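Notes follow the structure.
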């Protein structure tokens, strides 16, 4: 049996691009971290060290910055699509491209024209995958991560399976805390990416707050279901949530009670719950979800 | 010349304490990271391995959590003072204590009673230092860190000194971005710690936004001066600010101009500017600013 | 079209387990970070909040620690297989398990019996995937990460593709530096996991050192090929390598030449090259490579 | 009472410099992270935005790289002294300079001439402080950090002070683990910086391994004392050591005993022990230990 080259790709990761719009006194800012990756006819680069089909990662970086001027930076979904389509259409050996972008949000300081303060911890994300061998369809997976939320009550965990190694006590009232990482695959393009994003984010927060949680699994399902019900243009949503344990401290040695008032927030280990919610009949997703090998 | 034990201290770092107030349906949360450190008659522990004067760091941890119930957790300055005074007053070998606290802020999700989302990136801090050998005075240094701000114009840097190694071009228009770390020493206690904190934070942001900056040094001075002018109870303020460089990308090779619209945000190296602004005649600060050896 | 639950899993991540063997005066240490994840009949937990089929993640943690005593901790591949087989065989609703382990290496201090110092930066890894619905076959993917290597010459990059955005100069002599992340899928079980690991690691380092590199792609291919040629029991190897750029500093403004002696090591952006080398005819790998949704 | 400018300084942090010596086929590498900071007549930059006395941090960066060619990079103490003396002697408004350097170690791969692999986790450090107003004396503080060590026995903790909040059990056998951060102040210059460093590092490891520890305080004292006894040219040594807790897991619920074989390595909180060992009669250390305001 022979030994052969398998799937491969290459690109430039973490291009930190800040785009200022300053056509009038009131500036706008888009603050991005852009990673590009290409697939195509690159076997010779591996097998023979022949770079004639390889567009340097340095060129990919240049393209990221040049396109920010040539085409502007609007919603990251649009910007990612523009980059991916360029690489596949304009660079002959390239058959597929993946563009992953993180966006960091800023608020104005007291409504100032050009002074800003970073907003929140969460990061908006997109992964655009364009596979020229797959009829040229572009997959757009929008998302967010590092959205840290906590409920101080309204969460229970009981009735679970026991085996020889089970010592956990049941509870009808605990802190539920997590740092959400959520991604959703679009069927087509919504009317406005930014509006769509704000709506999904709002639904996720609303369900987290409103649903009385019998388990983090249930909360994730309710969050995902709400998003798919409200957005016919979303085919699937994937949610991953660490269960950031908050343990009520035993204060009995100090003759103090602790009716869920004093907690120790633990680092490791932590639970991890992952679930997807899918629209039946949605078409296959190709490489949309994964950066591949 | 002999070899002797010099300054020493020990404690428990990073006790992650979450305190929920749940007396009615509308919960309150205080989310802290508490570090304690003690000084005193601990020579025998070093020289002879004799622990009889050593209160375990495990006990310091227990105290942090027990006090959260016994005394509650209000403003972190109050909570830190309560802990520091306890260690010095109630544990005989302890002569001095330092309590450092970080606080992470939360917002309610849609004004929900018990569901929260982490607010911002910045961290509120306090360092309380109580030196029993110094007449028992407690020094309180309030602060903040990781407050990330950016101006897209209104910043210049020119007229600087040149030597053989200087290649930097002068500029009348650049991005000014930094992540502020600021600490201020109180003379006494303000009427309300939380109100005082909010006022200082507001002044810092206001000066950053409003001052046309000829250099980061000037901006820091204006920020510090505004705080001391408005708060007679603050003796000194110390500001440290990395100059997070944003370089305008040269797009000329692509026949594109770039009038300060497309920037590369660099990681390292970065400038670091530190300055203090002091009220003349304020008394000595002892160990207030530094954790010591 | 209905909205349904898709793939899901849950587990306990980052159980920090240290196992000391102390049967004689000469102790042995294995220092692990163990993450477990289960798949199975968990739909009711999501849809109805019914936990009756859910073995708590707390129980998974207990199992990790208890097994370290009951079954001992030898090579991480063995330990991972033991855990995965237990979950699938002994917990009725569980159909599949994935156990991911990191191992941190220690050296003895001067050949001391029980005093150790952490060795190197690299981390040995394993991912064991057992899918009960797939005939119960266990997939074992061994690996390493954070193995940081550098060549100060013997690396070139030229003859590459140019487009409108290409400005990079060709070079016949540059620093090549990377932090290797490599994983390889076993067909069966080698005679000794630790011996197999040491051999693969040695081959990777040898090829990195000995191959004159025309591109990082070529180096990765040569590394992977050498491993598959020497290990008939390895079906596929996947390599990911950031190109950690070292830029020769332009010292001409200071009337100094710089024949590749003084470099600036950049953080971001960085290149990322990924490649797999596969043995033709090897059977399908199921979920071996990916943690899934 | 007036409001005035207090202590201030500015510089360029984290210049990532890699210096290759390639005069023959066998290359040498020094891999550094260099931070510079200047004090002097900079009041006008703060008060009036006047930069005429300010040497840009960009120039400081250029100097770091240019000096690596002009003066070479030997031991980091020498390189730091050369930089600090230049800034104070050659730049008129500069009265004081502080140069902090981290060095990352590399091993050859199989004794290869130009291929290297990163060695260990620990980092060698130096802080050179030159105060022109203090007679021009240069203080050199050598050091190391992230040297992670562990003893699987030979450590106890008992006979400690109890108060109302003490629940810790005494132990005659526990894991002692820490990540050492140690710095030492030289009186003059040793014959060879690299030899001196290797000797101190060896003594620290030897004492950690050989001393039966009754407390981490005692271990630190013995480490520091050994260094001062062996090195007449060292005035003071400061050691900081987190107590990285390893808790023996209670396996009784699973009918397993655990005679210190299975441990949970905790992240937070952790103990922190700091101590200095000083040579009596050594002269004052000025700003040697601290970066200042």
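Residue numbering begins at 1 within each chain, and the chains themselves are lettered A, B, C and D in the order written.
Methods note: contacts are C-beta pairs under 8 Å (C-beta built on N, C-alpha and C of every residue); 3 or more make two chains touch, one makes a residue touch a chain.
Nothing here was measured: the structure is a model prediction, and the numbers come from that model.
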>> Looking only at C-beta pairs that count as contacts, which pair of chains has more of them, B-C or A-B?
In response: A-B
> Counting only C-alpha atoms to place each centre, which chain is farthest from chain A?
Replying inline: D
> So, what's the distance in Å between the C-alpha centres of chain C and chain B?
Replying inline: 38
> Which integer distance in Å separates the CA centroid of chain A from that of chain C?
Replying inline: 23
> In whole angstrom, what separates the CA-based centres of chain A and chain B?
Replying inline: 31
>> Quick check on chain B: which residues sit in contact with 2+ other chains?
In response: 15-16, 62, 66, 165, 167, 253-254, 267-268
>> For a test of understanding, state which residues of chain A touch chain C in their complex under the given definition.
In response: 1-16, 35, 37, 42, 45-59, 61-63, 66, 90-91, 93, 157-163, 165-168, 213-215, 217-218, 220-221, 225, 228-229, 236, 238, 242-243, 268-282, 289-290, 292-293
> So in the complex, which bits of chain D are touching chain C?
Replying inline: 15-22, 27, 29, 31, 62, 65-66, 68-70, 106, 109-110, 112, 114-121, 147-154, 175, 205-206, 208-210, 246, 249, 251, 253-254, 256-267
> Tell me, which parts of chain B touch chain C in their complex?
Replying inline: 164-165, 167, 253-254, 267-268
